[in-house]
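The same subunit A turns up in both complexes below, where it pairs with subunit B and then with subunit C.
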Partner chain A sequence: MRAAPGVSNSRAAWLLLAPFLVIFAVFYAYPLVRSVLLAFQQTFGPGSSRFVGLGNFRFLLSDSLFWTALWNTIVFTCGSVFIQLPLALGLALLLNRPRVRGRALFRTILFAPALVGVVFVAMMFGVIFEKRTGLLNLFLHQMFGWNLDFPWLETYVMPALILAALWQYVGFNMVYFLAALQNVPAELLEAARIDGAGSWKRFLHVVLPAIRPVGAFVVLLSIIGSFQLFELPYIMLNSTAGAENRGLTVVMYLYQTGFQIGDLGYASTIAWVLAILLIGCAAAMRALWTTEAES
Partner chain B sequence: MEEPNPKQRATRHEAAPARRFVGPVVILVLAFASAVVYAAWPVRRPPGFHVWTFARLHHQIYVPIAEQWNLTHTPKVNLTLLSLPALEQRMLSAFLARTTSAELIEVERRAAARAFVGPLDAVGFVDLTDRIRAEKLDINPASFSPWTARGRIFGLPHDVHPVMLGYRADLVEAAGIDVSRIETWDDFFNVLRPLMDERDEEGLPKHYLLNFWDTPVHGEVVELLILQAGGALFDERGQPTLDRATNAHVLATLVSWRVGPRRVVADAPYFSASGNKLLLEGRVVASFVPDWMCNIWRFEIPQLAGKVKLMPLPAWARGGRRTSVWGGTMLGISRSATDIDGLWTFAKRLYLSRDAAHELYTRGDIITPVRSFWDDPIYDKPDPFFSGQAKGRAYIDLASQVPIRSNSPYGTLAMTEVQNALIALVAYAQRSKRYAADELTGEAARLLGLAQARVAARVARNVFLAAEPLSADVRESTP
Partner chain C sequence: MSAARVQGALRAASVYAALSISSALILTPLAWLVCASLKRNEDFFNSLFLPAGDGLLGVAWNRLTLHHFYRLFAELGIGRALLNSVFLSSITALLATLFAAMGGYALARLRFRGRRQIDWLVLAVIVIPPPLLLAPTFQLLFQLHLLDTMAGLILPACAPAFGVYLFRQAALGSIPGELLEAARLDGCGEVRTFFAIGLPLVMPMAAAFLLITFLGMWNNYIGPQVVLQSPQRFPLAVAVAQLRGVYYQDYGLLMAGTLVSIAPVLLLFLILQRDFVSGLTSGAVKG
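And then the complex of A and B:
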């Protein structure tokens, strides 16, 4: 009596899963497998493909452009993690204080740039960072006699990109931290205060451990987002990688290789190396959290 | 709430099997039905020839021609205006997947090059070489070069795009300078140098003589100057030639203009509001102006009307070439098309007819590549924007000097490498305080050698190019 309904349950489950499985197989699994194959080919459409073995991977190892792109991406990621996130946390701490007036207004103002599209931000900052006529150089020139020809988009591309991303995402990350801070148990903070802990010690020993899971999540999100950087430099630098490829990122190089040079096989190789790097990053972070949690 | 007893639960369980499949069945029926509806109701293309273009101006010119054509011909023509990136992506997707695209596709130089990466028989455009050769079309020969891959022509040229220098005639004439004495680049800087004596509030020259800088925005300018000097980034086989001595000489000279106490160039970025503002302020006296850019100046900087004039590019040496080339557009027939003869007839009507050439010049300031129309009096008409110069005639006089250029899919990469070599050379000059071209040529050659190796490595990876060397027969017979 019991076996039959069990079998029926299983059939029903498979039937219900079938649409998802079909879509997953056709639109996710198959392209994924094809992209692995593509990484070992040179191709010009499905009609013209040649198997090149590990040729694409060998070329990547000696491809100075790839390493430049990777280095630039790492620099941008460091800027995001070590400048943007501490700033976001600082703002969150500030706006979490009940004594600060107009907290809701400040939160809205700081979060607002995250609602604007990246394309718009890139176009706006492209104009702001212009030499001579750009708002930033003009402002700094008026205030401090700054060089009007300061080449933000030529020599200082990465600082310019980090600044633009900072403007857009600091408020977004602040909201995550703010949510985490509001969940820090008040009684713990109170107990620490009674025990004589100053604000720095309370932050270090109570607040920071309490918001660590959210912090780790934001760091991971920030790393993944930074490694996928494309639109911001692409538009700010007029569809180029900037002078001496200073604005070339891994995804931008992938795009150039696949869709401007037409080497889809090599582009696929770059994509897989990027994926492996990100998986490695995520695994390393997970291992770190597990170790910390256990200790 | 009362819990059902085990007996009730069992009864409910036994009654369920019939109903248990209702959910999945409904989902499957809906999925199947929507798939059938979707498949049976495809988006139908209107019948006739489909033409894609990326430029609003071109579209405006083509609409009346297509309407006139449709009155007397079948199949009828449907014009579609797309943004260049959209056109490029749709075209490449169709070519790579061998699906249907527009029958006629108008495309610019860099985008067309992307169709030439694979083997020749996989290029999505119809090979027009034999038709062009058989009909002996009277087209400026250099205009074919960007649409030629491994000796075969895949597009009908839209233009010639000679380049002149647009300069602030008001400033030059107010200083009593006679530009007719200018023949070479050295003459240009020597004759105009008095304009740099005027200083701004920072004590810097108020006017620099030429719009040029070592940024990617000026990349096309570097290429056009290399071509003008007789250099090239690729040979006719599509092999990179970045390390040519001429290229090194050009790079060294450009850096000598850009650095040191005798700097004569400034950055007024092309296609930007800030660049236009700097042109208007006279921060740069002269700028590179291909025929199509006259139209951009006319509409984007109307305040320059009557203040500017054109002059041929100064040559690299006496008796040398006085122009170069910047940009280019072609019309190609998609390989997926069936009525090639009909499309070829319409393509010629669109690109090679006298009234189309007339419209192209009067509305777009672009001169036609059809040489037999160059005697048309419209080209002699004075242009008030350019201080009454017969601008069209000035460009046509230079058209036969336009250099031949190859159009490699690796062109963007090569340009980036040359640009990077230029930047590195600027840094070297500033570091070593060597500002003369002669002192920089050696380093320029070294940097271009490295760039050449990188581009060559990338080209060498292309198994399709390696498998299809250019045949001597094709090379000799290409117009």
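And then the complex of A and C:
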């Protein structure tokens, strides 16, 4: 595999790796170990703490705010996976058709929002979703006589969040699908066409199997990203969780617990539950994918 | 034959229609943002984009104002936040890219004991969600007296494990072994070989990674929000988000602040787009 037999030169290697390894050890590995310990502690700010054993975990099980946060996060994740990703795939299929002119321009435009930071997207959509002054209600009102007082930011927080995230990431996911579509074997498509398979059948039996590896990766990426939702609702709802905690997410709850209340211990417990959920998700998808690939 | 041609033309037209509508929907909020930053607050109630009037194109151009931008820079110190963002993002991007390139090159091109373990470590880290490190890092920075300092934000961002992996792949793919052999035979030290030959050859990857890390810090909110306390150190992400709390109804001001924050990034992307895309694909394809 190696093109040239690398010379055994430990000193140079460690020298080159040193900056990364030192910073990694201090600011990554050590905090990671500390977070395990913290999960079993209660703290009052960063300076003082006491050991509470499994107390945090026991509290978490009956903590209704945590379950609200988890539920909201799961709903948002479903929105990303079941609404945003199909749309992203649809756009990729359109853009991937032969002889589409202006492909680069469309791709650039659709991808651009992914570069805008979530905070700034939240600032923008916070005003777009305003009742009487926001773009969305005003536009829908002028077009369809929509209710100008439609309360996006009070009652319909979750649809608002899903819409804003859709705007930000649909093009980003489209780019992944577009790359995956390059792996669809053209001869197979042609053969299916000659056999008289319609475009839906060709999609189902030729395109979909070919893009499955990337598809699974995009789904996983989308789940991981959605589970870390924080800034979008936090800024849009003006540094709150919204009415009746409709915009409370797991990471927002972690932030409030650790940095507003000052209990870094319980915040770490929440963080570990999040991490375990995500690692479990990744492992499950991997297992699912390999067994299906074998059968 | 002609029926098939008509059908083909219709299909092509519908493809373009769908793509154009999608692109328009994506561009609309951005166009609206520019308009909103120039509008007086009272005009938000009766105009979608620009206030209607007798001017050219039916727009009341004389009702537009640069007042929001003036207030941002003259009264609210957004210029300072802009400089902070530029400083934080550039330093982080440079250090993170350099360290990742050095580490990735060593893993790909040098032989040493423990290489396999570090390869493994660099990949294992990918499954750790960043919020997990928030609380312990805060505690560590407190103990190191690095809270409310720029260093407290920059240092933790300078060990990008995923970056090391990307550069490892890039170095495996795009550095010819003979070139390194030649340098070694000429008595060039390994570290110097990296800077003279290795680094220039992974430049596409470096350009892409610089942009990624720059964007990451520019758009980072939770990090500076947790680490910094003094307003004069706030980057745009925090300074602009705070405006929303104080000037909740001052829509024009909020949108002007948002525009100031995202315009540099979008321009940078448009200019560097080609390098960015080719860098990313070179890292991914030659794995």
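We adopt the following convention: the second predicted complex is superposed on the first by the 265 of 295 C-alpha atoms of A that agree within 3 Å, B and C clash if a C-alpha of one lies under 4 Å from a C-alpha of the other, contacts with A are read in each partner's own complex, and residues count from 1 in each chain.
Note that in this section a contact is a pair of C-beta atoms (placed from the backbone, for glycine too) under 8 Å apart; a residue touches a chain by one contact, two chains touch by 3 or more.
All figures in this text were calculated on a predicted structure; none of them were measured in a lab.
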{"item": "Subunit B versus subunit C as contact partner of A:Glu154, first or second or both or neither", "value": "first"}
{"item": "First (subunit B), second (subunit C), both or neither touched by A:Leu15", "value": "both"}
{"item": "Contacts of A:Phe44 with subunit B and subunit C, given as first, second, both or neither", "value": "first"}
{"item": "First (subunit B), second (subunit C), both or neither touched by A:Trp67", "value": "neither"}
{"item": "Subunit B versus subunit C as contact partner of A:Phe259, first or second or both or neither", "value": "both"}
{"item": "First, second, both or neither for A:Gly55, with subunit B first and subunit C second", "value": "first"}
{"item": "Winner by number of subunit A residues touched, once subunit B and subunit C are compared", "value": "C"}
{"item": "First, second, both or neither for A:Arg132, with subunit B first and subunit C second", "value": "both"}
{"item": "Partner chain(s) touched by A:Asn238 [first = subunit B, second = subunit C, both, neither]", "value": "both"}
{"item": "Subunit B and subunit C contact sites that coincide on subunit A, given as residue numbers", "value": "4-5, 8-9, 12, 15-16, 19, 46-47, 127, 130, 132-133, 238, 259"}
{"item": "List of subunit B residues in touch with subunit A within their complex", "value": "10, 13-14, 16-17, 20-21, 23-25, 27-28, 31, 89, 92, 95-98, 114, 117-119, 122, 202, 214-217, 219, 267, 269, 272-274, 277-278, 283, 409-410, 412-413, 416, 419-420, 423-424, 454, 457-458, 461-464"}
{"item": "Touching residues (chain side subunit C, partner subunit A) in the complex", "value": "12, 15-16, 18-19, 22-23, 25-30, 32-33, 36, 44-45, 48, 98-100, 102-103, 105-107, 109-113, 115, 118, 125, 127-140, 142-143, 155-156, 158-159, 161, 164, 172, 176-178, 180-181, 184, 189-191, 194, 215, 218-222, 226, 237, 240-241, 244-245, 248, 251, 254-255, 257-258, 261-262, 265-266, 269-270, 273"}
{"item": "Of subunit A, residues touching subunit B in the complex", "value": "1, 4-5, 8-9, 12, 15-16, 18-19, 42, 44-48, 50, 52, 55, 59, 62, 64-65, 127, 130-134, 148-149, 153-154, 237-238, 240-245, 256, 259-263, 266"}
{"item": "Contact set on subunit A toward subunit C in their complex", "value": "2-17, 19-21, 23-24, 26-28, 30-32, 34-35, 38, 43, 46-47, 91, 94-95, 97, 99-100, 106, 108-110, 112-113, 115-120, 122-128, 130, 132-133, 135, 138-139, 142, 167, 170-171, 224, 227-228, 230-231, 235, 238-239, 251, 254-255, 258-259, 264-265, 267-268, 271-272, 274-275, 278-279, 282"}
